[in-house]
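Each of the next two complexes has subunit A plus one more chain, namely subunit B in the first and subunit C in the second.
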Partner chain A sequence: MTNLLKITGLNYKKNQKYILRDVNLTLDEGKIIALLGENGAGKTSLMRVIAGVAKNYSGQVELAGGKEEAFRKAHLSFTDGLSGFGDTTKIKEVVNFYESLYSDFSENEFDELRKFMKLDLDMRLNQLSRGMREKLIIALTFARKADLYLLDEPFGGIDAMARKKIINSIILWKEDKATILISDHFVNEISTLLDEVVIIKNQTVFAHKSTDEIRENHESIEEYYEGLYEDEGE
Partner chain B sequence: MISFSKVFKELFHVKNRVVHMIVLLNAVASIILTLIMLTSSNGGKGQISTGSRAYEIGNFGGFILVLAGVMAMMIFFTSAFYFIWSSVANEKIGRQQTWQLLPISSSKFYLANILSSLVSYIYMGLLQVAIIALDLLFGIMVSDGIRKWVNYIFSGTELSNVEVAEIAQGLILGALIVLLSTILWYLLIGIYHYLTRAAIEFMPFAGNKFITFLIRVVLLVAFIYALSMILNVFSDASRIIFDPSRAQAFDTMYLANLQLLILDIVFGGLNIFLYSRFVEAK
Partner chain C sequence: MEFKDNIPIYLQIEQYLYRQIAMNELKAGEKIPSVRKLALELTVNVNTVQRALQQMNDQGILYTKRGEGNFVTEDEELLKQTRQALIDDKLDEFVQNMLTLGIEKDQLVEILSNYLEGKNQND
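So, the complex of A and B:
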């Protein structure tokens, strides 16, 4: 198995407070990995550092053999909140933007995903509900042929039925060698997809295990994950 | 990775949407203002005078000429509006995750952002001048009076080659001053924004609005003070380097351009450093 992502000695602070401290993480290619942790643990910050949109950190982040931010960005696809587009922007204008700027963006792939998500190209962003917007973001993310997909709580506003459908289809949308790092609170729903689990706790990588290993010793991944916080709840 | 030209083109396209809207608003507002002016003066005499000569141009000819004048006057307001809008847009775009996720280095993206605003500004100016020129051309075609007036203006104004060269030199140097000043304006806004952002992110008081406000005020004062010191240094240096009383006609313009260029390079480099190191996506 080839290492795709290698993070060494990562420290990230904001306002003089550590968000991430001494994070070391290696991810192999071709895996689907859950990034779990309670709210404020640093999951989004870790993804932002990997994606190169969080700055002023120390340590090393290497993706597909490259350390520079621009190189990493070319090899990953991160769920973008579409902040760069006005509310009246049509979906097809967003697609035009992605197509003209990302050489790995496939319009055909997006079209298939769009139809799956039941989105109309002529719809404007301010006409989309929260769930529809998240579906659009997922479609745009997977329409790119990237080595690493970073999905930051992608299913929050999506209804349960659609969520199940999308989760079951994710494996079909990625290339064999591509890796997906997904942070989500619906642990049980995504557990069938997962190869590995990374837990962020106490500002660092608390645990990094394969799902097979977890299932050998626990009933489910959710049980394992909840077990880590049991003492704190009392 | 994406090329600089692709990112520049996309940013230029985004900014041009606003340029087209501004130019359209200028045209519509100018037409309305012209109509108001002509109707309030009961249509005027339909005549234009230059020196002792008067030319009959009719009401329509009057409308054409006044419209050209009003549009030319409005360029001041459209420029100011675009200036303010683009200054804010540059900073907003710089912090948007959609743009920060593009696989291009921070320095190239920063340059593409600033230069696209500058080129849009030039495009807006040229577009407005072209519309005024078309208006006057139309006037010349349809009004005999306007045609005669224009002929009178340009007759007897034969310029020698030297005079033409001097006029061209003056226009080019003046245009360069405007362009370099525009870039400097964008850079100064950027520096203030990035220093403020870096300071706020560094300080331990994350959510304290009063502290954030205080930081902005202190930095603004320090920034204006530092800038005035730099400008004084430049002013003293130019007095030492050459004697203004013996300066040739365009020497001060050449010097101003050089000073602006140096400031642009220094502040540009500083901005690129700050942007790459400290400015996170929202």
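So, the complex of A and C:
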């Protein structure tokens, strides 16, 4: 197995407060991995640090052999909430923007994904349901050719059909060597898909385990995850 | 298909394929669906399907043709054993269930034949 991401001694503070403390994490290429933790545990912060969006951290983040933020950004694709776009922006305008911003963005690939997700290029962002919006974000993210895909809570508040579509797009579009990190606070909906789980607790990577290993102990992924929180207070 | 979450998924995929072979849904010499197709059909990771197929190759029930995919063995003896193993599994389950109901082993044959006779009369 080849290491894709290597984080060493990472500390991240926001407003003088530790969000992440002494994080060490190594991810291999070619995996689907869940990033689990309660709301506010620091999942999004960790993704933002990896993605080079959050700045004020100490420690090392190395992706595909490079430590520079610009290098990392070029090797990963991070879902963002489309927050920079106005409500009346059309999907095709968002696509044009992505195309001009990322040299590895493939319009053909996006078109395949868009058809799969049944999205219309002329729709405006404020016409999209929550599920459609999430499908668009996933299509934009996967239309880039990257080593690491960071999906931040792609299943939040969407219906079962949209979830199924997104899960199938992960199975269909993931290239063999690419790694996908998916954050969620609820593991059941994606547990059959996972190679590994990373659990954030107490502002750090509290556990990192292969799902086969967990299941070989006759534990479900949910039981394992909840068990880590129950040990609290001893 | 529904997976149990506390058993490794690759083992459950193996069981699923073994069952398909035992039931002749997948026939001797037949090509099994591609890794990605199986992954999509079962909503699992491609890596997990690969692991299951690798093990089944090692066990001899599948074989790989380079660049063509995975095929079910044509070894009649192995196919017979596979079918027998599945039957044995179901019988084990039946016997265990009866034992939990307090039925002794030496009563099993009688109970089963009475049951089958009753069923015949109703048919």
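Some points to look at:
Basically, the second predicted complex is superposed on the first by the 225 of 234 C-alpha atoms of A that agree within 3 Å, B and C clash if a C-alpha of one lies under 4 Å from a C-alpha of the other, contacts with A are read in each partner's own complex, and residues count from 1 in each chain.
Keep in mind that, in the parts below, contacts are C-beta pairs under 8 Å (C-beta built on N, C-alpha and C of every residue); 3 or more make two chains touch, one makes a residue touch a chain.
These numbers come from a predicted model, not from an experiment.
Once the two complexes are laid over each other on the shared chain, residue contacts for A:48 go to subunit B alone; subunit C is not touched. In the superposition on chain A, A:15 contacts subunit B only, with no contact to subunit C. By the document's definition of touching, of the two partners only subunit C reaches A:195; subunit B does not. By the document's definition of touching, neither partner reaches A:207: not subunit B, not subunit C. In the overlay built on the shared chain, the residue A:219 is in contact with subunit C alone; subunit B does not reach it.
Judged by the touch definition given at the top, the superposed model places A:174 against subunit C, while subunit B stays out of reach. Of the two partner chains, subunit B is the only one that A:83 touches; subunit C does not reach it. When both complexes are overlaid on chain A, the residue A:123 reaches neither subunit B nor subunit C. On the side of subunit A, the complex with subunit C involves touching residues 30-32, 164, 167-168, 171-172, 174, 176, 188, 191-195, 211-212, 215-216, 218-223.
Residue ranges of subunit A in contact with subunit B, taken from their complex: 14-17, 48, 51-56, 68-71, 73-74, 78, 80-85, 97, 100-103.
Every residue of subunit C that touches subunit A in the complex is listed here, in rising order: 3-10, 36, 39-40, 42-48. Put simply, subunit B touches subunit A in their complex at residues 1-2, 6-7, 9-10, 93, 96-106, 201-206, 276-282.
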